[in-house]
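Okay, so chain A shows up in both of these, paired with chain B first and chain C after.
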Partner chain A sequence: MEHDFLDKYSSVDSWVHRLDARVKAIAALFFILMVVTTPPQHLLAFVIYAGLIAWTAALAQVPLAFVAGRALLVLPFSALVALGLPFLGGGETITVLGIGLSVKGLWVLAGAAMKSLLGVAALVLLVSTTPFSMLLAGMRGLGAPALFIDLLALTYRYLFVLFGEGMRLRRAAAARGYRPRWLPQAAIVGRLAGNLFIRSYERAERVYGAMRLRGYSGQMPTAAPLRFRAADGLVLAALISALALVRVLVR
Partner chain B sequence: MSTPSTAIDVSSLRYRYHDGTEALRGLSLRVEHGESVCLAGPNGAGKSTLLLCLAGLLKAEGGVRVGSGKGVGPDLRIPGPAAFGLVFQDPEDQLFCPTVGEDVAFGPRNEKLQEGEVARRVAESLSAVGLSGFETRSAHHLSGGEKRRAAIAAVLACRPAILALDEPWANLDARASRAVTGILDGFGGTLLVASQDLYHAAEVCERLVILDGGTIAADGRVKDLLADAALLEAHGLEFGARCIPCPHNSHSFAI
Partner chain C sequence: MHIPDGFVSGPINGMTAATSAAAVAFSVWRVKREVGQKEFAVPLLATTAAFVFAAQMLNFPIGGGTSGHFLGAATAAALLGPWSACIILTLVLVIQGLLFADGGISALGSNVLNMGVIGGMGAYLIMRGVRALLPAGRGGYLASAAVASWASVVVASGVCAVELAMSGTSPLGIALPAMAGTHAVIGIGEALIATAVLTAVATARPDIIPEWARLHEAHSSHGRTRRGVWALAGVGLALSVALALFGSPFASRSPDGLEKVAEQKGFMQAAAQDKVVWTRAPLPEYKVKGVESEKGSTSLAGLIGTAGVFVLGLVVIKVVARQPTGRVRQGQKRK
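Presenting the complex of A and B:
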């Protein structure tokens, strides 16, 4: 897994990329709010939401297949929750291959699938059109707790350093003939995990030392605040009103 | 006697790790402002421990005075970014921000400088290490040599009076090593380099302090000590011509 996995397209230069990070964050959240509150029966509204995602992706030069692929990753988890509903829900039923299915349950299942796909797609677009540091600055600008932002920043920086370290440990074990097949052999995995934990702990100590030597005293310094331009306001107003109209009028 | 021109004054320094290993055993050292000193010695000699004690990250017994002797932070042991800058051996530990630009700006921003001045420091430091234009790059995507140079830039941005580096040439190819040598050559303040790479250290340092077993084994001018092959050999170091038998023909060549 590469570092690119998180934000492969975030450094592309497009009109969408240049928008204020706060505008994009609010737009994405508002989009998700509208999507999750739309009844699943309003199929046309979902088609328009999907079209909006596709249009934004095209404007931002992010391949739609990339957005869809990432969004699909979440589907098994979100749909799993609603998977039982067609079999359990009461009311009107239809018979498919000799099994009676609740119509209401089927709608809920379809709704959960569509909503999770669209919601995650919006977040993937947000992350793909905003460099991570700008995203954090935007969240900070919107009042997210500083500690949470610092945690995200350090996670972003060290997630793949740790991942690489874990892979090297695994390779070192494999190079000395470790081929886990039976359950008792899993004990080694526990030891590797412990090793990784200690290494991470020591690294955290060194990172903290490096921070203190450069004047850190409990609070990450922040860059200049983002500038909100007229174009940003215009885009945000247009998006929010369009989404609200779709949500209210389209059935 | 320590005078105002003394940059570092260490006397009878002792440090013991939690496992009982004695890393420093009564070490005394004085460095004047403007000196360039190489701390050499075998693995486990106490070089890194000494640097961490000077940085105030480890609490040792004995006297440590760095710069004016005033410390910052709750425990007042850390000399402050403008007094003492330390470049760690692993740049991964030192580049902790999402982008290189933010990392280099970290120190100046902590000093509460104006954003204009911060930007000037960032540009100046990145240019000093030959990484101009790397501001928005993620540290994760840099090569080993670029990471090392970015870590040095992050420390230089605090304009430290004393620049200390732990094994700055470790794991670098020849070209990246030369780049690091060039950066250290251009540094105007007091330089303290912990390294066992005497070939590179001799290019930037005038004084050589050999550590072994937690104390100072030798202290003198680089060119005098490097001529003493027996001394170097005794402390796990080497310098000078060696003959390597070449496996492919009968010739030998010297390096």
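Presenting the complex of A and C:
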């Protein structure tokens, strides 16, 4: 698995990338909060939210197709839980192609779909404009517990290592003719996973040894400086007031 | 089972986030206190979280061309205990939410509750309860882990459906069968993989499973521990029965907007007549025929369901765990 897949555009240099990580984290969170609490009937508000995403993506030189492509990944979940709604919900119905659909059910489905798409889009933009280490530093700057941030940083670090090991195990099994077709064959996958766990445990032992040798005693040093400039404050104030206005006034 | 943004309502988000935050904070406190060399927990939890990610990549076939993937909560609980499992799943969910756009940030509380707290801690509780009913030893340990893996996946998906229903996103009648049905199948793969993982680890590095060490202690002082664990199983069963009795009417009494509207507009009768599929279910609408009180009826249906699962679990265990207790194989520690 390539590192590229996760935060492909986070090292681009743009005006958005240079903003303080804390500002971007708060902005994304506030955006999601506003989107989630907007009633689905306020269609114009959702158009403005989507426009804001597109505008930010353009400013940050992140291709909109990339953001949209990642956002569409949430749709299978919506299909599983909510696709039945227009058929089973009560209330008034409209007839489309000879099938009676519940208006209320359609609104619930549309609302959930729009909100989840916009929420994911905001997060994709956040991690595409902020390297993960900076994002963690920002979260820590906002008061997240240091231990939890250290754990997240280490998990992120070893994600790629263990993905690599997992890929090698899978390739080795495939090279020996493993082509699973039905459920009982999952036991082999389990044996691979067991092997992978032992490798990850033994890696933790070595990592711990290395950490101790470098003087670890419960606190990870941070090298990422956070700078909150006047421009950061301005952008944050403008974004929050604009979002709040859209949420309250546009319907 | 990852809930995106916009599917869970504000109050439910607040409640689940508060519960999850408390559970995670308590877990951190327990892990710090429990592990002798507490600093080792930092790289261990991180690499295990990365392991859960990587293992999720190993898809397995369900049949019919679809595949499921490993969730890992019960396996983590069986290997490292309930508190570590809760933290590990939280790490996985935060990174999935931030980097993989899998699960919304506003729904993080619900996702952690379903998969970390219920999936991890709940799995451990089920495992301890089931193990009390089995002969001590390797077979009992593995069988209890298998049952706990399956049950935790199904229970977590059921709670997920209840959260969606209480948010008014999807009526319980659609969400619960869809979620629990899918995950009842996924859970089988989960149980198989959990068993295989535990077998591999117990063979190669038995020293790294704290539970395994405790298992051998239990084996040496058989009678005393058995009684204690029986008590635990009793408490576990009593808890689930209590939940079924008092929790299920509560869940269905806070009706989602759709059911409410349907009731008001008189569509409920129409639905009852048209939806033939549902009336054929053994306990349609979670009610037992012939019981007048609505609350009592729902409770009874919940009770029957719980008892059914419990008995089914017992039968499975008796079949799986036929290995005599004397043959516990002491694994070789490899360095």
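The rule is simple: the second predicted complex is superposed on the first by the 237 of 251 C-alpha atoms of A that agree within 3 Å, B and C clash if a C-alpha of one lies under 4 Å from a C-alpha of the other, contacts with A are read in each partner's own complex, and residues count from 1 in each chain.
Methods note: a residue touches a chain if its C-beta (ideal position, glycine included) is under 8 Å from a C-beta of that chain, and two chains touch if they have at least 3 such contacts.
Since we're looking at a predicted model, the values are computed, not measured.
Visitor: In the overlaid three-chain picture, which partner chain does A:191 touch, first (chain B) or second (chain C), both, or neither?
Guide: Second partner only.
Visitor: Classify the contacts of A:182 with the two partner chains as first (chain B alone), second (chain C alone), both, or neither.
Guide: Second partner only, chain C.
Visitor: Please work out whether A:70 is in contact with chain B alone, chain C alone, both, or neither, and reply first, second, both or neither.
Guide: second
Visitor: Could you say whether A:133 touches chain B, chain C, both of them, or neither, answering first, second, both or neither?
Guide: A:133 sits against chain B, while chain C stays out of touch.
Visitor: Which partner chains sit in contact with A:11 here, chain B, chain C, both or neither? Use first/second/both/neither.
Guide: first
Visitor: Which partner, once the models are overlaid, touches more of chain A's residues, chain C or chain B?
Guide: The partner that reaches more residues of chain A in the superposed model: C.
Visitor: After superposition on the shared chain, which partner residues are touched by A:214: those of chain B (first), chain C (second), both, or neither?
Guide: In the superposition, A:214 touches chain B alone.
Visitor: After superposition on the shared chain, which partner residues are touched by A:33: those of chain B (first), chain C (second), both, or neither?
Guide: In the superposition, A:33 touches chain C alone.
Visitor: Jot down the residues of chain A that show up as touching in both complexes, chain B in one and chain C in the other.
Guide: 132, 154, 156-158, 161, 203, 207, 211-212, 216-217
Visitor: Quick check on the complex: what are the chain A residues that touch chain B?
Guide: Within the complex, chain A touches chain B at residues 3, 11, 131-133, 136, 153-154, 156-158, 160-161, 203, 206-207, 209-217, 221-224.
Visitor: For chain C, which residues are in contact with chain A within the complex?
Guide: Checking each residue of chain C against chain A gives 2-7, 10, 28, 38-40, 42-51, 53-55, 57-63, 70, 75, 79, 87, 91-92, 94-95, 97-102, 104-106, 161, 164, 168-171, 173-175, 178-179, 182, 188-189, 192-201, 204-205, 208, 257-258, 261-265, 267-268, 271.
Visitor: Enumerate the contact residues on chain A facing chain C in the complex.
Guide: Within the complex, chain A touches chain C at residues 1, 6-7, 28-29, 32-33, 35-37, 70-71, 73-74, 77-78, 80-82, 84-85, 88-91, 102, 104-105, 108, 111-116, 118-120, 123-124, 126-127, 132, 135, 145, 147-148, 150-152, 154-159, 161-163, 165-167, 169-170, 180-198, 200-201, 203-205, 207-208, 211-212, 216-218.
Visitor: Where on chain B is chain A touching in the complex?
Guide: Contacts found on chain B: 52, 55, 57, 72-73, 78, 80-81, 84-86, 88, 90, 92-99, 102, 105-107, 109-111, 115, 136, 138-141, 154-155, 158.
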